[in-house]
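Two complexes are shown next, each including chain A; its partner changes from chain B in the first to chain C in the second.
Up next, the complex of A and B:
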């Protein structure tokens, strides 16, 4: 494999890194005045990177010709699918940020740069073909994220979120590194393909420990139970555009990384991790649903909702089939749309002075004061609950279909029965908006960006989304096939 | 049959109307809703006229492979045709019932109802397993909003209970559907109806579907969401709940449980009978002591639905036909009764039975129609209720005399609670001045009750109009389940051959005595 081809394969990462570095210099010299211009440039870079990754997905790229630098990075259809979601949600996080930060005069030039670097790191996580690449990508994303969580320097909650995220994230990285070192010690390699081959020859206790620690470290990053406790605090404390980013891009990245590690690196020892994933899946669904019931803050509620959704996605992993992986990707794509939509609603919820409204009680009677917002939120909530005919149902449907087809009937039954618990708190949000007397807290003025994003996501999540199922199914099928075709 | 997609059009008209209602003012929304439902009613009439009795089993078939894993497949047989007709017939009446009663958020209200209509027709017309599921489940959303926004005092509790109860029932059905589609390799309902699943698997599949349909039906003891939902829903909501939504459970049994899992259906028929017998007696007795008119009618619905389930699981033609007619009749009659309650509720704003009395004096027309629907609910010959209950009970009598005996007490108890209700509301002294001052039916209200009354009488006097379209389908279903038919205790024997005249004569000659006797 020559260098030029390797460099060509990682063109999206190069674009984003170079753009990030240049914009960093611009930020250093031009200062916060240039924040808007830098944001626009960063969005342009992300869109360019998306254009660069899209062909690999459309062509269904897989196999040896997608491996760069001797297999350290893989630019296959799977990575491409995940990167489209990651770069797309990073771009949204940039687009919605200025109006939020401007109000508290906190729009700084480094925000878009940090988001760019986080996006590069997240993209590397899903492309990694080696534990070291994976770790570098993970840390690149994490370091940028810690700063982003604490971005509102004068806000205690934001500082607390940053600190919590840092301490627990560092702990998770430590656990992950420990697992990687164990795996390396017992298999003699850090490359996924090498580990796959080594584990195929039989498991020993050390290898099992390695697998468990690696999975525990990643479970922190995807916020799966029992490693979920940081999520509500960080989601609540971080500035809302940053929360939007956290709930989408790094989540997709960590999930993609988990899929590649579990299926490629540890794929030959699936029996060793399937039980762990099944437990994490069911526990996430149940605890995510139960935890959300008592929440009064809409961002905390969405945090538990994301834990709940991670549980459903993990069902696709637990069955370890290509169909399951394709279902996970479909779910992820729909999940990203739902999450973007719900956080944009949170951003659009302002009181009459323009201050953000986060209390569920303040949303009372929203349907009479701000109809568009309330109806979009209704679509989002029923979508998140997985009630047909909203498109959110399709994500759950494909995951459960894969589980049933693979013969995991008890898992599917428990999972779907537990989804009814989750429906309760989504219904509560609808009840507050539609049945309660208006609280009159939320103002009427809306922004063009918000409205456009809301209308876009709710059209995608409305029954019209079903028209995309064939197209989405084809893309995720390609991507999942690439994941399994790694030799 | 022309290739015109009339079923899709019937789904799109209310959907377009719903969008129109959302974006228009109060007055326009009412008119849009009425026009949309009347167009659908007209389309329903066309459907009935074009339906070929004795033609192919599935008519008006549409099949567009639009989605991954399932298709936009529609088509109806006689059973679905009748239920669609019931839906489109009741919808304009619902719109009329809300004309003056609903004053807040009118556009959204009618949008929810029109959406409901789309989904109801979709449920009955769907020929794809997943399309059916989506339509079946989606109905929860508009109904949740209707109960929650425009309902009575405890509307929030009732709306939650309605939603979560039915959702929990249905999700298990989805898992069963996924398994069936995987096993049979198709999601086409007609194909699946002829597919033989292994009897061991049928048990589980049946239970999963039963969880959903029993809640929807509703069967005792999972009926408790129904009185709450009915009582709290606005009048039109109750009409549509009792009139059509409950029929989805029965339709599910006819379309899925019986033909797809005949062995399991036979295996569980004892359970169904037991639950139905308890339901008939228990809910009738509960209805007897209600003070709230809507609650009384709600409990009577549970009792009537139990007659439907025993007829369905009788595994014979009478039972199945009877169940269908009970469903249609109950759709009309309970809808009409809720409407009657709504008419006086609009005037006095209470459902308390004691607050009324002697209404036949100041509201004679109202009392007349209320009496007709009361009698139809009891099952008086000449009304629709009689035909269905008679056939159902006749069907079950062939299987088990005991079940027939217990369920027939439902008719006696039904007469008791309905006549008691009628006496307290319409007869007696005019105890309350405000109730005595209520005016008789307005032209709008007459326009709603008269078609219902005519339909009830039509079905009672000449049920053949309604039996003919579904006769072939019921016979096909009966043939399908025949192999699992449980042995009845009736030991039906062929009747004694009629003695012919010549033999008579011979006999007389033989005896040669008492020529003036006999004849």
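Up next, the complex of A and C:
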């Protein structure tokens, strides 16, 4: 094992960890007054880390030269793609936070530090080449997330969200760890490559139990049905910038980790997990769509929408082909843009006193009171529903195309049929905004940061996004090739 | 010979301390007996050559877990009469649970005797060092092959620490802290002053 090469390969993690430690010291001495400056420095660190991971993606890095510490970490194109999404959404969660927390005087210097460490952990999850790395990354991300969910101490709902997330997250970690220990016991190794080789030699009951428990633990983290119950409560209760973070970075991290575990570690026993993933995909699509219909709170609605989207992404995994994985990554990139946009809209929805508006009924007639917000939300909702001119359609299209090409016709059919159910509540939001009597609750003031993010995401999701399909397809192709390149 | 004596000494004390843990009337005494049991279990671990686990038992279980138990037991206001009444009431349930556990134990031992599970063969990346005791072997792995994960686990603990502080620490305005500089700067002539109260007027403080 070459130390200097290993340390070079984990440069993004080192950058973020060192930045986190230094900013923690700054936070300890300068206190909460410096929270904004620390946030800016943390965003700079995340951008630097993105610059460090980008070359590996553009070069399509794969193979032994990307393995750090004897294969415990993999800095290949797949990890780089996921890390770009993770660090980017963590940076957005930092940028939008100060104005939200300042209103209740709750902006504290530890917020950016915790987000940085959560980003390090999430990055480790997608780079993991060993179950130990995976678990440590997951815990780093989870511990920071539990605290972030309960960050608004004056709000009971935030404390409830933190506690709920902690108890259920600890249970899921336990299930995952149990699965890892069974897998280790029956294969004799924790490295993904070793598990792949061991499972290729024949499957026994103990190994199947290990696979099932590992997948159940990860399904909790990505909020796939039947492990989705916590999502609406946590998304509703957590402060909105934190919800934005939860719906993007850890979701991408857990999805990347699931792809790596399913395809690299358990890839030689695909038959053992495909049924589980197919069930989780279909159930998530249907329950996500049905559950969202009755929601009155926009954050709860978006939580169900994320469950629904996870189902579509899982279709790409169920077919277990490089094309499916590339489609998943395309969908993930578009999903992150849609989620960031939707939650920035939620952040920008304020009443005349500046208090957050979360009730769907209060958004009535938004098109007359706040035109920009209403039109951006229209683009986002059409995109989430997968209505063709918007870029959100492209994500669903590539996933279904991959499913059809791999011969999973019934799965694709169910997915398309269920996306029609999902379209109902997305269009309901549009109807409330454009055709209902104005409720006059939402104020007019807007912030530069919000407007910039909204315009950026809606341009990406508008039909202009189709100009990027070739570029995005190339990058996801590199990433999927790296994922399928064992050794 | 000395090992046999040590084994029986530790084993007897361990079982006796375990029995006293559940028989002691005072819960604080129970926790103290539990600590004795942990120490004897650590002694047994040393005898079988697992000195790392012995150290973990003493450091983690005695040093942290048992002390935490002790704090909790001392802080809780436990009504012993009610506890005993609950014991009688819940006896059937407890007995049923004990029976289930006994059956599991019998089944487990039966399964073990029927032949071991076919587990995977270790891949040898974490093979023990020849001629080193297990603390050295663990250290050699932890600080070489698993160094990255060891450092990352350190970061996880740091995050947990930050989290605990973020969630519980707050600046309170209603407490009066000690200001040492102010105390040191106080001079005798500022601290005392002579008054000459007139008769029937009282003093102002």
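Heads up, the rule we're going with is that the second predicted complex is superposed on the first by the 486 of 487 C-alpha atoms of A that agree within 3 Å, B and C clash if a C-alpha of one lies under 4 Å from a C-alpha of the other, contacts with A are read in each partner's own complex, and residues count from 1 in each chain.
Assume a contact is a pair of C-beta atoms (placed from the backbone, for glycine too) under 8 Å apart; a residue touches a chain by one contact, two chains touch by 3 or more.
Being a predicted model, the structure only gives us computed values, none of them experimental.
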Exercise. Is A:70 touching the first partner chain B, the second partner chain C, both, or neither of them?
Worked result: second
For this session: State whether A:239 touches chain B only (first), chain C only (second), both chains, or neither.
Result: neither
Exercise. Is chain A touched at more residues by chain B or by chain C?
Worked result: C
Problem set entry | chain B versus chain C as contact partner of A:114, first or second or both or neither | second
Exercise. With the two structures laid over each other on chain A, which partner does A:169 touch: chain B (first), chain C (second), both, or neither?
Worked result: neither
For this session: Check the residue A:427 against both partner chains and state whether it touches chain B (first), chain C (second), both, or neither.
Result: first
For this session: Considering only the touch criterion stated at the top, classify A:191 as touching first (chain B), second (chain C), both, or neither.
Result: second
Exercise. Is A:137 touching the first partner chain B, the second partner chain C, both, or neither of them?
Worked result: second
For this session: State whether A:382 touches chain B only (first), chain C only (second), both chains, or neither.
Result: first
Problem set entry | chain C residues touching chain A - in the complex, by the definition given at the top | 117-123, 125, 145-149, 152-153, 155-156, 158-160, 162-163, 165-167, 170
Exercise. Which residues of chain B touch chain A in their complex?
Worked result: 66-69, 105, 108, 130, 133-135, 137-138, 140-141, 144-145, 148-149, 155-156, 159-160, 163-164, 167-168, 171-172, 174-175, 178-179, 181-182
Problem set entry | Residue ranges of chain A in contact with chain B within the complex | 367-368, 382, 387-389, 393, 397, 400-401, 404-405, 409, 412-413, 416-417, 419-420, 423-424, 427, 430-431, 434-435, 466-467, 469-470, 472-473
For this session: Would you tell me which residues of chain A are touching chain C in their complex?
Result: 1, 6, 10, 17, 24, 68-70, 72-73, 108, 110, 113-114, 117, 120-121, 124, 132-133, 136-137, 139-140, 143-144, 146-147, 150-151, 153, 162, 184-189, 191, 194, 198, 204, 206
